[in-house]
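Okay, got some structures for you below.
Both complexes below contain chain A, partnered by chain B and then by chain C.
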Partner chain A sequence: MDRVLRDKKAICVFILPALILFTVIAVLPIFFSGYYGMLEWDGIGQGTFVGFKNYINLFADNDVFIKAIKNSFILAGLSVFIQLPIALLFALILAYGAKGENFYRTVYFIPVIISTVVIGQLWMKIYNPSYGLLNTFLRSVGFESAARVWLGTAETSLMSAFVPIVWQYVGYHMLLMYAAAKSIPGEIYEAARIDGASHMKTSLSITIPLMQPIIKVCVTFAVIGSLKSFDLIYILTNGGPVHSSEVPGTLMFNTIFHKFMYGNGSAMAVFIIVECLVLTVIIQRLFKVEQITY
Partner chain B sequence: MKKAVGRIVSLFVALVIVFSLAACGKGHTGKPSGANDAAHQEAVIKLSLWHLSNSDSDTNKIVKENAIKTFQEQNQNVELEVDTVENESYKTKIKTAIAANEAPDVFFVWGAGFAKPFVDAGKVLPIDEYLKDGTKDKLLPGTLANFTYDGKVYGLPACMWIAVLYCNEELFNGHNVKIPDTFDELLTAVKAFRANGIDPITVGEKDRWPGMFYQNIFAIRTAGVELSNKALNKEASFDDPRFVESAVKLKELVDAEAFEEGILGLSNDEAQANFIQGKIPMFYMGNWAASQMEAESSKVKGKVVVRNFPALAGAQGDAKGALGGAIDGYMVSAETKHKEEAVALQKHMCESIDTGAYQAGNALPAWKAEVDESKLSPLAVEIANVAKDSTGFVLAWDTFLDPAAADVHKNLVQEIFAGVKTPEEFVKEMQALNKE
Partner chain C sequence: MKEETLKGKLWTVHISKRDSNHKIGRYILSIILALFGFIQLYPLIWLVLFSLKDNSEIFGGNIVGLPEKFLWQNYSSALFNGNVMHYFLNSVIVTFSTIAISGLLACMASYAIARMKWKLSKTVLIFFLLGLMIPIHAALLPLFLILRDLKLLNSYWALIIPYVAFALPMAIFILTGFFQTIPKEMEESACIDGCSIYRTFYAIMLPLVKPAIATISIFTYLSAWNELMFAITFISKQQFKTLTVGIMSLAGQYITEWGPIGAGLVVSTLPTIIIYVLMSDQVQKSLTAGAVKG
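== the complex of A and B ==
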């Protein structure tokens, strides 16, 4: 086996198929998008080359795109500071060996398995102004004035659309963190317990520090996922009303497929990719403290 | 090089989308079950046909299936590959397929602005020479207008449509309200229903186009059919007091709380369901909504009457103009290998669907058809009468304008509904589109 791994040719042969596939499916399209972003093109006829005009237009006199980016950062903030702490809490409780560990693990993971379209429909019914669960509840407990047209008002549509997104992936991050917590060797806890450490103390000083690599992964996923979010927003509000819940993904889709502005849309796509790459690097840097091992 | 690379990538994108969409659509070949085997052995010509899918409850589904079946019976040497998807997905699917030179031989399409990029790119077959066999005489006058580009005909209409104001007579009579013929009566009706705790009008403004209907019809009332069409053709300015008035009237209606609460989050299907549930007295929508109102499960069956949109006293436009026209049709791909057969299929589909849909009470005819009107549903006859009384038609603006402008237009109307744009800003930004 060692001999094979030292043989450069063998390495090439084994890597090549995956590399070709990856290049053709993931890398090349990014460069093509970058090129299309420099065209003024309706996606059907011949495009004309306009240089960086589309990229500049994304920010010059385009409040909607800037607003969409802002919205996606709000979502990223919610994911990191609300979704992940909840996931971490659940993971710690479950990993500690709470009663019905398997049952709850499955329950929390269910939203991740359900199709996004189904979740969208579910929450649309919850938010429905006349018969929705939320308004019905508010009315029945006497908060008549708090009942809203959640998805149909510019003030509430953004947050209303973000709640299901944050909710859906709690289970996903919980599972990652739970697996990490479970893989910490039991001896460490034993030693800590002999020294008289409480549950709180072991969680804070042992479990969370040792979970650091996976927390980094979770933060990266949460941020990237938020920046390129599309599906639930598309179903719930389609970016409306009047662009109040627009994210770069929905805007890009509408620009390409409803407005036939392929060049502009591609420029947005490239921006999203670059934005995600830059943030990934930043997150990696932020977590680049020394690895903790015991 | 650029072209080749572009083709490969767009083909790839197209394939991904087409496969994912095809998985949702109900693909089936249109072979008639009763065709004999001998004829099948001769079947050498394969034609692909794409059109919109309909829900099972929609009577248009049967109309289209019949059209395909009769074509198969008359042309046993042709084998049809039929593919259908739902409305919004279809728009994406057909665009992608045409961009990738993978267009089906015959396909459903909307004329005017929607198909313009296809025609401009030379992907659609001009059919003038095929129409000399008397086909032109079978069409009602003016119905080819939206399929004619630079003097050449590229498609045929498969129906006419008109938007009408559906009124739930039971609610009107129950609360002693007069069905409105004028804008003032409309406002009176709105107040009366509001006082009784009933939402007067519903509109699915989440989808944006249903709300656009209101501004468009107001423009017919305030500016008229001729000026509307001229402005859409960039021959007249939108920045005109008469167009400002169209937005002002819409704003008046919004401010009078004429519309149901939460319309900005309501899709057209949900809005229509609310009307069919019998909860809402008024609904301004295309004639296609009629068949569902007359369906067995409908709570408003037999209770709906239709009117043209209320007239506006003192306005300079057309009090009897209507929103509508012949925009749905079929086109033939320029790449098709069997031009004769494809055009024959196109003609057959258009004429057969046109007559069938009229008979079923789903559409108005664009072809001269012999239809026994006594067999039509009363609602369909009423709608046909509104159309007959109309002095002129303007298409829904989003189908007339090119796609980018249409998107801006729908957003602008939504902003009036949301109260964030003034009527003056509305017309200025509409005119800015004309100058681009």
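== the complex of A and C ==
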């Protein structure tokens, strides 16, 4: 038996196709990007090696990139401080066995599985200045003056592009938290219930502390997802007008494929990866979770 | 005796008051749950509604209500004039090839990692799992250049190859976990019967991990069907456009006509919704499997 399972040839046959494909397509490109980031290159012919100039330029004379980073942090803040609390609230309500528990859980999750292109096009219609759902609603309840060109105005474009992102993924975090809340054994609550503690109190002092590991996962996902956000912003505003809703993802994409500045764009790509890794580590540190045993 | 009944009465009053508070609380909760369900669902219902209207109806004021006449021709113009049918077939080809190839490669690799005995198995697993953290941004330009040099841009492979590579980490993560739970005796008896390792893998082990294969297939389906960034970069020819890119062109083509765009959006979401309706629990489990274990 052991001999069969140590068969070197068989191991190679099983592992190599996946390993080679993964290495060549997913891992090596990161190093290529790191190298392209040191070139001044428009994609035609050979680039000139310029060292770390592009990386320094990202911050030295590039207000737009700094703004894009700032915007992505605003999105991360919205996700962590608005989306996650909403998700937590509904996860707890459902986990306590509210009527229609399964139905609502299923419904809340629907936007998560729909493609961002569909969500983006749909929200463009919602924001349509003349016939969109939002302005129609505002006019019908008498807030005529509140109606505006949501995506086309620099003041509102950023928030308008972020709302659909928060809306789409709130159900995802809710489901993660719901599953975690459900997995806490019932006996733990019994003592609290005998003492007459309310739902609110058991949530704050028992459920939420026990949910720390999943909250950490959700915070990580929400922050990383915000830093690398691309799809919905690209569809809704493509970073505009005048870069008001720019995020690093859209800026990188346009720098590479519309301005053909391969070096600069690659430096941005590398920055996004490093930023994501650093923040993952920071979040892990912030949550110094002790191992909880039931 | 008298005193005791009084006490009893007071107690009952106390309980019934608590019950009615409880009832009001439950009532409010139901309203909140329904309201949130409405927020998550209504935009999608609205999409279906306007996919069946024409411009004169939408611009004439019936933005929110049911269509006066159900305009099914919006669907035929989206499907045929708008090429949605064509994009749809391309998406089917790309997505299902991705599911099949990544499923097979991931099963083979996971089997070698989880069941076979070799020194580097843990290291290789960690290497794959690092892939869960790679944002695709960094691979975008290098892959674009590799595919360009291989003359693979604008082909099905331009999407299938990257999709498979980026689907592997999650698939291997879920599958190795599953393979490890299978008792050793299954292989041992096969080995005694003289099965080769390949036959053991194919005939004995694969059927045992079917539930995990279902999980990763759903996961891979959703990420391939909905993927945008690679698709808009690697595909520009009409002939190979998948739904995500195709919908972007459709929206450009019918910029002022809401009906056909809506119809295109509905059609491209339909398979996802059908899968979700048929197995919502399984879909929810697939999308959270990675997070819950990690």
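What to note about this one:
Following the convention adopted for this analysis, the second predicted complex is superposed on the first by the 260 of 294 C-alpha atoms of A that agree within 3 Å, B and C clash if a C-alpha of one lies under 4 Å from a C-alpha of the other, contacts with A are read in each partner's own complex, and residues count from 1 in each chain.
FYI, a residue touches a chain if its C-beta (ideal position, glycine included) is under 8 Å from a C-beta of that chain, and two chains touch if they have at least 3 such contacts.
In this text, all values refer to a predicted model and were calculated from it rather than measured experimentally.
Looking at the shared chain after the overlay, A:Pro29 reaches both chain B and chain C. Once the two complexes are laid over each other on the shared chain, residue contacts for A:Ser266 go to chain C alone; chain B is not touched.
Of the two partner chains placed by superposition, A:Glu40 touches none, neither chain B nor chain C. Judged by the number of chain A residues each one touches, C leads among chain B and chain C. Applying the stated contact rule after C-alpha superposition, one finds that A:Ala18 touches chain C and leaves chain B untouched.
In the superposition on chain A, A:Val242 makes contact with chain B only, while chain C stays out of contact range. With both structures placed on the common chain, the touch criterion links A:Phe257 to chain B and to chain C.
Shared contact residues of chain A, touching chain B in one structure and chain C in the other: 29, 32, 43, 130, 257.
Of all residues in chain C, those touching chain A in their complex are 26, 29-30, 32-33, 36-37, 39-41, 43-44, 46-47, 50, 58-59, 63-64, 105-106, 108-109, 111-113, 115-118, 124, 127-128, 131, 133-135, 137-143, 145-146, 161-162, 164-166, 168-169, 172, 187-188, 191, 197-198, 200-201, 222, 225-226, 228-229, 233, 243-244, 247-248, 251, 258, 261-262, 265, 268-269, 272-273, 276, 280, 283-284, 287-288, 291-292, 294.
Within the complex, the chain B residues that touch chain A are 5-6, 9-10, 91-92, 95, 98-99, 117-118, 120-121, 123, 205-206, 208, 261-266, 402-404, 407, 411, 414-415, 417-418, 420.
Here chain A touches chain C in the complex through residues 1-2, 4-8, 10-11, 13-15, 17-19, 21-22, 24-30, 32-33, 36, 43, 90, 93-94, 98-100, 104-118, 121-126, 130-131, 133, 136, 167, 170-172, 175-176, 179-180, 214, 217, 221, 224, 228, 230-231, 234-235, 249, 252-253, 256-257, 262, 265-266, 269-270, 272-273, 276-277, 280, going by the rule given at the top. Across the complex, chain B is touched by residues 29, 32, 42-47, 127, 129-130, 149-154, 157, 237-238, 240-243, 254, 257-261 of chain A.
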